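Next come the structures, one after another.
After this come two complexes, each holding chain A, first together with chain B and then together with chain C.
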Partner chain A sequence: MKRPNKVIGYLFLSICAIISIFPFYWMVVSMTNTSADVTRGKLLPGGHFIENFKNLLQTVDLVPALSNSALIAVGTTVLSLLIASLAGYGFEIYRSRAKDVVFNILLLSMMIPFAALMVPLFRMFGSITPMLPFIGIDTLSAVVLPTITTAFLIFFFRQSTKMFPKEILEAGRMDGLKELGIFFRIYVPTMKTTYAAAAIITFMASWNNYLWPLVVLQSPEKQTIPLLISTLGSSYSPDYGMIMMAIVIATLPTAIIFFFMQKHFVAGMMGSVK
Partner chain B sequence: MNIPKNLGPEEVAIKPAPRPARSLRLKNTLVGWSFVCIASLLIGIFYFYPMVQALILSFQSGTGVHLSFVGFENYVRLFQDPVFLTTVKNTVIYLIIQVPVMILLALFLSVVLNNKTLKWKGFFRTAIFLPCVTSLVAYSVVFKYLFAPDGIVNMMLLKINLVAEPIQWLTDPFWAKITIILAITWRWTGYNMIFYLSALQNVDRSIYEAAKIDGASAVQQFFKITIPMLKPIILFTSITSTIGTLQLFDEVMNITAGGPGNATMTISQYIYNLSFKYTPDFGYAATVSYGIVFLIVIFSIIQFKAAGDKK
Partner chain C sequence: MKKFLVLLFISMLVLSACSSGSNSEADADTNDIKVWAWDPNFNVKAMELAKEAYKEENSELNIEIIENAQDDIIQKLNTSLSSGTTKGMPNIVLIEDYRAQSFLRSYPDMFYAVDDAINTEEFAKYKIPPTSFEGKQYGVPFDSGVAGLYVRTDYLEEAGYSSEDLQNADWEQVIEIGKAVKEATGKQMITQDPKDLGLLRMMIQTSGAWYLEEDGVTPNIANNEALKEAFRLYKEMIDADLVKPHADWSQFIASINNGDISMVPSGNWITPSIKAEASQSGKWAVAPFPKLPGMESVNASNLGGSSWYVLNIPGKEKAAEFLGKTFGAEGKFHQQFVEEIGGVGTYQPALEGDAYQAEDEFFGGQKILSDFASWTEEIPQVNYGLHTYVIEDILANEIQKYLDGENLDTVMDNAQSLAEQQAK
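Presenting the complex of A and B:
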């Protein structure tokens, strides 16, 4: 590359990198400052970290919200992975024309926006609440149920199964394994990386989900982390230091996953294209 | 083993023993269906059944649970509803400004990053991808504060004398839309860049070498080689971005709450307000949701057509 081009390239990248990182820097720095310092535009760390943390614990139910979010995200991830991988495996290994038709119909569901689903879903859960209160409105199960099956994840597993060496399945059958045994004993262990990538996307989507919990959860003790942050963010006299603390805590799990499993993280995001 | 690839397990299994073939085949078919049935059933219950319900609802009107059939009244109302038309206009503005800007930006970034001799490549890539780890609600609240009248962004703009007085990023109808567009672009550019980067790695470098020898400039190479080579992936990302933008909710709700007036409100937010904020009118809300479905189908078709025609 020619010299001036290269300089422009570095300049362009640096500006984009700074813009990308700055909000992170600002929120981390602000969580150590007083609200007044944040409004004044202080961009250096301060000594208000512990104070902000104490305030946060006193003002909101942080621990219940964290545990609700964790329960929902872990439950969703485990169930989604199981259901979607069974289906992805089934559609590819026991391929037939009828199943391909069903698969294509399932793919159509990716075009349906959640905004279009929320009203009928809310009414559905509303109507089952008197009969089955444990999965009705204002329960964590109601948050999980509609989100555990996505056509995207089934598609993701089916695509990955295409690379799976089918000869191993035959060997398993020769050894007298039942079909389900082959799936759990042979397929699941060999597809670890696929499961890791799928787990990351599902966990993140669930941890960050906002609209459906906002609709279906009503009592404050059922609040999830995004709901808590949204409430804090819309307060009239915000305590910036404290809110930034909450935001950093909310971002921490996904940031940790990103830094420690970058390869799987990217693989999960790109899963749909391969 | 010499098993032909297309052969399903049932065919393989019946070869040695032709007699119990039928029952075995049936058994295998049942096994196959049992693997896919839970997922298919759940998608039926939580996607297709609600859409049918929404369709029925869209012909009803009333408050809360008291609904009665009104025929096409809701659909007539839809096209005369100034709020609905405003939300469609807002959403389409986000779409036609934000998606192309973001995709071009992501393409530029990936081309620059794909340069073999570039230093600190890993750092730049990670930094630009980093916004993807934030939750939509969390980054929206951060942006709301950054773009507050006395926020950091205005402070910086004033300091370098780019503006004489603070920009009303959140309360001016024009600037509020810009804020939303800037926020979405910040969050999603790195995401799209990763797709292009991995696609670029599959592009044969000798094509660029040949172009260079023929005297093609960097700009010419970008438009004449890179964009055509990446067309499938550009189509894919533009469709996902379009569907995402048409469903925009979290950002608008948390940055501007739809205001000032309804200047930034999106269709999703209007459905939410109709159902859960104002006096609930589920029937009309369902009608509006079919509006989004319709737009998604239309825009997807347009993009497929646009990509196909240039071939």
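Presenting the complex of A and C:
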């Protein structure tokens, strides 16, 4: 009786897989085709890979944009993991009623769309720019700072901390560790998979972030990869083969990171401590 | 730890307390001029030509042209201007004519008037209302966006017509030809994105009408005869299966290049995209834009088109002077703009130049630039006002109901009341 069910199940999953993989396939195939072939909907690889790549290198400065994106994404990931995990740990381990209220308010902030925060945020950065030009408008730090922690990430760490055995903390205290020592020496190593999952989420969000970098970064040499791709499409007659090439290059880092950390990611989403 | 937090709090307070100062650090006498524009092959290239041409005039001025997508420019401008922070803003920015009034009205202090730099009399008249505000001229009119009806002459011939039959034609005549061509060749007449009503915009401007009254604010839909006629003609085309739908820009270009359609009513900036398919050389012609039948209407219209604006930040005088002496004066820039880009400007003294007389083999030897230039002078002047795209979103929904068979007046009344609610 089980077999037909399984067949239907696999059929359904295969269809879902094709639907989700097809855009990637099309993207990769299109980077080897001419713009005209792309608009015609050609689905087979063509011979324009090298030409598209050359055109891309001639049209834009790919390397600075990639390194800007990498700097921002790594900076954001490191800082937000540190801050959000400290916060999530604090909220769960040192619980009090007042902290729960603060936490709930924090969760409410998840409901405010970024577009609503953008103008006040821009104003804030505009006004600190004359005094602190190194974190003001048109600096990479201005992209990193507003995103170094999110309510979601704090929530994510707090939920994972719930499964963290509190007895270990007591043991640590008995052995004379200070509170920060317990966090860094016991909590962090135990929660490795949670950190891995959080790192992937944050890195991807930061790498693909568009709206805030768009408004806060003004000079072309500070452009990130998504902004660069948007510029490529600004023409009345865009070169789609070249744009697809740029998109594939932009997708590679996140894809590589995801594949390397996939195992940890799944484990992290299920909970670090078994 | 507590001490650290207190320190942090105090430093934040100090920061916010002394942040009310303005951006005075910028040098008022700067020689660095930044420009934002979109499309590398047209707008950015034109600006580069102007930059080169201006070197003879003032070699000290350092002009940096930054390419951004149009939507990105709008987003960046809106955020910066509404937060009152001009840090990082360009000195010169390109804004589409349809959107200009909403920027000028929302942020009148942020733009610098260019009355002293250009003579508005020398530009095509229809460019002035969108680029000026409260009696002051803010925009330096740039490309014309003059519309034409691009036609496949080989398809027309198969149906026994020629592009001559489309001279000074109205839409009824064009639709008749479109039907005949479809019968003879099987090709539909035009391709259309159901959400983009550029075609209707071009149609109504031929009779000097717009979505808004002349004040640029009050919606003018329910009693807009030109718009009703445009709706009716659009339905006629749809009902006769003359319209091939497309979903995005790439499909639009593909339909043209693949030879799926016999006509393209569009702005002159579509020329390079049509010429991109070199194998169709000699098979195209450009006819004047068709007028609306049965009402006052001319064979000239406009689609898109944009102008340069100077922001009210240090460097504004020099930026305005640069624009005035290139885009707003006779000189080699205009000649190059035509020869190298194939653009049609709106600076009228230059429209007579030799460059416009060139014959284009792709269009069977037609002097298309000269034709576009002469149509530019006839484009009826309208005030695009504040809400072109807001109203267009409403109309794009309402027109579907009309195409599905609802009564035209009901649809228009409905659109009018929706527009009155949303466009304020």
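Just a few scattered comments:
Please note the rule applied: the second predicted complex is superposed on the first by the 234 of 274 C-alpha atoms of A that agree within 3 Å, B and C clash if a C-alpha of one lies under 4 Å from a C-alpha of the other, contacts with A are read in each partner's own complex, and residues count from 1 in each chain.
Note that a residue touches a chain if its C-beta (ideal position, glycine included) is under 8 Å from a C-beta of that chain, and two chains touch if they have at least 3 such contacts.
Just so it is clear, the model here is predicted, and its values are computed rather than measured.
Greater residue coverage of chain A by touch, when chain B is weighed against chain C, goes to B.
In the overlay built on the shared chain, the residue A:Leu106 is in contact with chain B alone; chain C does not reach it.
After overlaying the two complexes on the shared chain, residue contacts for A:Thr39 are found with chain B and with chain C alike. By the touch criterion defined above, A:Tyr240 lies against chain B and chain C together after alignment on the C-alpha atoms of chain A. Of the two partner chains placed by superposition, only chain B is touched by A:Val266; chain C is not. Touch criterion met: A:Ala250 reaches chain B, while chain C stays clear of it. Once the two complexes are laid over each other on the shared chain, residue contacts for A:Met118 go to chain B and to chain C alike.
Once chain A of one complex is fitted onto chain A of the other, the partner contacts of A:Gln218 are limited to chain C, with no touch recorded for chain B. Applying the stated contact rule after C-alpha superposition, one finds that A:Phe258 touches chain B and leaves chain C untouched. Look at A:Gly136: by the touch rule set out above, it reaches chain C but stays clear of chain B. Taken together, the two complexes place residues 38-39, 118-120, 122-124, 211, 214-215, 230, 233-234, 238, 240 of chain A in contact with chain B and also with chain C.
Residue ranges of chain B in contact with chain A, taken from their complex: 1, 3, 5, 8-10, 12-13, 28-29, 31-36, 38-40, 42-43, 46-51, 53-54, 57, 105, 108-109, 112-113, 115, 117-118, 123-124, 126-146, 150, 152, 155, 186, 189-191, 194-195, 198, 218, 233, 236, 243, 246-247, 249-250, 253-254, 257, 267-268, 271-272, 275-276, 282, 285-286, 289-290, 292-293, 296-297, 300.
Of all residues in chain A, only 36, 38-40, 59, 118-120, 122-132, 136-138, 211, 214-215, 218-220, 227, 230-231, 233-238, 240 touch chain C in the complex they form.
Chain contact summary for the complex, chain A toward chain B: residues 1, 5, 9, 12-14, 16-17, 19-21, 23-24, 26-27, 38-39, 41, 43, 83-84, 86-87, 89-91, 93-96, 99, 102-103, 106, 109, 111-124, 145-146, 148-149, 151, 154, 166-167, 169-170, 173, 179, 183, 207-208, 210-211, 214-215, 225-226, 229-230, 232-234, 238, 240, 243-244, 247, 250-251, 254-255, 257-258, 262, 266, 269-270, 272-273. Interface residues of chain C facing chain A in the complex, by the touch rule stated above, are 15-16, 18-21, 23-25, 38-42, 66-70, 72, 75-76, 79-80, 82-85, 87-89, 249-251, 253-254, 257-258, 269-270, 272-273, 276-277.
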